[in-house]
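Multiple structures are listed underneath, in structure tokens.
Here come two complexes built around chain A, the first alongside chain B, the second alongside chain C.
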Partner chain A sequence: MDATILGAAVINGLLLGGSYALVAVGLTLIYGVLHIINFAHGSMLMLAMYGVYFLLVKAQVDPYAAIPLMVVVMYAAGYGMYRALIGRFSHGKDENILLITLGLSIVLENIALFFFTGDSRNITVSYSDRMIELGPSLVPLPKLVSFGASLLLCAALAWFIARTDTGRAIRAVAKERHGARLVGIDVEKILAVSYGIGIACLGAAACLLVPMFYVAPTVGHLFVIVAFTIVVLGGMGSFLGALVGALLIGLTESLSGLFLGEALGQIGISLIFILILLFRPTGLFGGGR
Partner chain B sequence: MSAWRVPVALLAVALAYPLVFRTNFAINFGVLVLFFAVIGQAWNIAGGFAGQLSFGHAVFFGTGAYCSTILHVKLGINPWLGLWASAAAGALVGAFIAALSFRFGLKGSYFALITLAFAEAFRILTNAVEFTGGGLGLLIPLKRSAANFQFPERIGFYYTILALAALSIAIALWLKRSRFGARLAAIRENEDAARALGIDTFREKVKIMALSGALCAAGGTFYAQYFLYIDPVVVFGADKSVEMLLVSMIGGTGTVYGPLIGAFLLTLVGEGTRALTNAQGLSLIIYGGLLIVIIAFLPNGLIDLFKLRWGRRRA
Partner chain C sequence: MLEVRGLAAGYGEIRVLDGVDIDVAEGEIVAVLGSNGVGKSTLNNNLSGLYRPFGGTVRFCGADITGADPVRIVEMGLVQVPEGRRVFPNLSVRENLLLGSYRRGRANRARNLERVTATFPRLKERFGQMAATLSGGEQQMLAIGRGMMSEPRLLILDEPSLGLSPMLVDEMFALIRELNGQGLSILLIEQNAVQSLEAAHRGYIIEHGAVAMSGKAADLAANPDLRARYLGL
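Moving on to the complex of A and B:
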């Protein structure tokens, strides 16, 4: 095996992992606090990507410039969704939350299919094809930017959760819901806030993904199973775990693609998912529950 | 005797239906209802009766579809024999996934995720290997004859899937009354307590997953023979798994007739919206919305509406 090809595959895998981390951090936050698997995660990402797409096409807003706006909009969407649907209709049962988010994802995806058709859309911005030389390989600029941004996002979230009052309240609710209520925390509000923050991450992710990825109603599928894998691998609820897990999964995908071929290569992720679920379901960085 | 009134009446209606409504549209409608009822019930006996929530039942469906089709297309084995081979393969895959997951103590959302992972692994594998036709899928050559499981008239398909649907409901009825079913209900309600009572929970769960896998795989063979074409995304895709779950959840999970009700509604909404508009997606918007409404207001599924009307029947 040629070292240059291998080196290029490693770099490519790490960058890919950076993109996955963008999607996985929000998911791991939601899991860590609400203890549910958010099935609507992929379709919320998809909606955010359409938002970024239309902002560029209709209003000429650069995707990177749209980050603050998208974060706020997606936060509001997530918060509202939790308050209006998930929290209210789940009757306090985890399975119901799971099924409501599943129902939401079906509805959102098919609304997109209905209004935007199944065509995939691409955008080009001035920097789409800018290449940066990185060791043995040429890397498109948007990939590098999204990689850097994913590190920043994980760090920012970790800081927010560790240092702010809201972060402390979120941790309290995640650990001990009844105890949190007893010390005067508005638990329902904190759950909605956590869900909102998890979805807000997708706003940022969408802005960073659109310059290098197509947009289609089913685009969320590409990320969501991978994101589940990352969240389980990293340890549900751990930001560092999500980041490390994402990089590992990116590497796995890239290297198994190199060794097994494009089509069979994808199986690496499923196999890791199965092995992690069997042998270490708490993940690499997750504490026992 | 009264316990038999509902299934016998349903069977009589189902037997007479294609003789009364003879159009291709009506018979196709009936086939689809019964087909979804079969795979919905397959999901329901594991997910509802035994409480083992699965997000990857497509793994069994696809196994069945590919097993009989490969036997038929590549080895020339009659699909009627293939149906049995498929059911056996489905049972085997079900027992294997269950034994592996339950041996390692997976439950709840972790079990749901591992079934999803297996369905994905199977999809990628069939997509990548040449033996299964790869991403192009497999086409079953047209040779219309009942002996070939390709009925010249749709009504033949109708009675075939009716037999499977009747079998699936018979299994569900049996689970409601048998000791095996009672043990599964105990596992669903409180697994630790069930074990404390001396139930071999591991064995019971593996058994029900094998049964569920077999039924689901038989549905897969029927699908392949009815549409004469399968590909990895259609039979192993997450959409198939979700369809089965929806049919059961919306109709009433853990009930005997819930999947039938859910299947009827799924087909009605699907065919109804297709008649109204060419745009894709509308039927699933309605169906997804319905799922949310049902969880919000009718947590036991649509079957609750029937129970409210005839509430005096035993619960």
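Moving on to the complex of A and C:
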């Protein structure tokens, strides 16, 4: 095996992992605080990607310039969804939240099919095909931007969760709701904020993905299966785990693509998933809960 | 400052308290005693707004807070240190204390942090440590310190001496007196009847969902009936 090809595959894999990171971090944050898998994650990402697509096509807003807007809009959407649906109809039962998010994802996907048809859409921006030399390999500019911005945003979010009062309240609510109520934390509001932040991650992810990925009503599935594997690998609810997991999974996908052929790239991911469940169900960074 | 009248409370169909009357005046330590499962914690959690009372009224500093939400109750300065500590296990000692002033007392956060760590030097030594890794006694100090951070006007302590070694229990009661000496009103829920009646000004005995007896702490402690049943003397 040629070292250059291997090096290129490693770089490619890390970059790929970077673009998974935000999706996974959003999923793990929601899991960590609400203790549920957000089944609506994929369809919310899909909607966000359509949002970015139409912003470009109808209003000529560059996807990267749309990041602040998409983050705010998706945060509001997540917060509103929690307040209007999830919080109201779950009556505090995790199973109900699960079913509501599952139902939401089906509804959202069908709405997308109805309005946007099942066609895949691609966009072209001036920098779509720009290649940048990176060590042994040439990488597309959007991939590099996606990697950098994604890690930067994850770091900003980690800072927020670690250093602000709202971040502390989020962590407090994740583990000790009774105690949180007794210091006057509005637990329902913090749950909605957490869900909103998890969904806001998807807004940013969508802006970074659209310049290099097609948009279609089912596009969310692809990312969510990967993101779910990442979250399990990293340890459910672990922030750092999601980040490291994303890079590892990107690497796995790229390397198994190299050794097994492009079409089988995702097989490595399924394999890892099964191996973790067998040998380390708490994931890399998941302590026992 | 606290007036509870005819409080009825429970869970779903189950009525635990039925017509409880309790008062706490400014500057008092009031002890509430009763056997296991009689509804002492139920009383606290209804006062704190975690549950909505079935009936009766709760007034605090002149305002009707019956069925108010916990956010508003903490905002008004009625703060509970719950049974079982309920510290945030995944947060450091310092962060637990900071969150004590999440809703109230934020303006004086730095000063109160100094004050609490002066009261509990042990907490200062473990500032960066996760609360989950503290010993039971240290967690109890943290829970009280967290309550202090919100500058309470009335502090409810639910079995603060539970699970502490005899020496720490003595320290705990000394602390309760000290806090009260600084002007804090305290509603003290306890199993340890002897020491809580020594510390308190007045006391209430709860039986069968209502107040069975109340009065000056010294009188209760001298009552032969009570001495037999609660003081084990």
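Quick notes on this structure:
Following the convention adopted for this analysis, the second predicted complex is superposed on the first by the 288 of 289 C-alpha atoms of A that agree within 3 Å, B and C clash if a C-alpha of one lies under 4 Å from a C-alpha of the other, contacts with A are read in each partner's own complex, and residues count from 1 in each chain.
What we mean here is this: a contact is a pair of C-beta atoms (placed from the backbone, for glycine too) under 8 Å apart; a residue touches a chain by one contact, two chains touch by 3 or more.
No experiment lies behind these values; they were computed from the predicted model shown.
Of the two partner chains placed around the shared chain by superposition, chain C is the only one that A:R181 touches, whereas chain B remains out of contact. Contacts of A:L151 after superposition: neither chain B nor chain C is touched. In the superposed model, A:A172 makes contact with chain C only, not with chain B.
By the touch criterion stated above, A:I132 is placed in contact with neither chain B nor chain C. Between chain B and chain C, the partner in contact with more residues of chain A is B. Within the complex formed with chain A, the chain B residues making contact are 53, 100-101, 104, 106, 108-110, 112-114, 116-118, 120-121, 124-125, 127-129, 134-135, 238, 242, 245-246, 249, 279-282, 284-285, 287-289, 291-292, 295-296, 299. Across the complex, chain C is touched by residues 165, 168-169, 171-172, 174-176, 178-186 of chain A. Those residues of chain C that touch chain A in the shared complex are 48-50, 70-71, 73-75, 79-82, 85-91, 95, 98-100, 102-104, 146, 150.
Interface residues of chain A, counted against chain B in their complex, comprise 36-37, 85, 88-91, 94-96, 98-100, 102-107, 109-114, 117-118, 217, 221, 225, 228-229, 232, 261, 263-264, 266-267, 269-271, 273-274, 277-279, 281.
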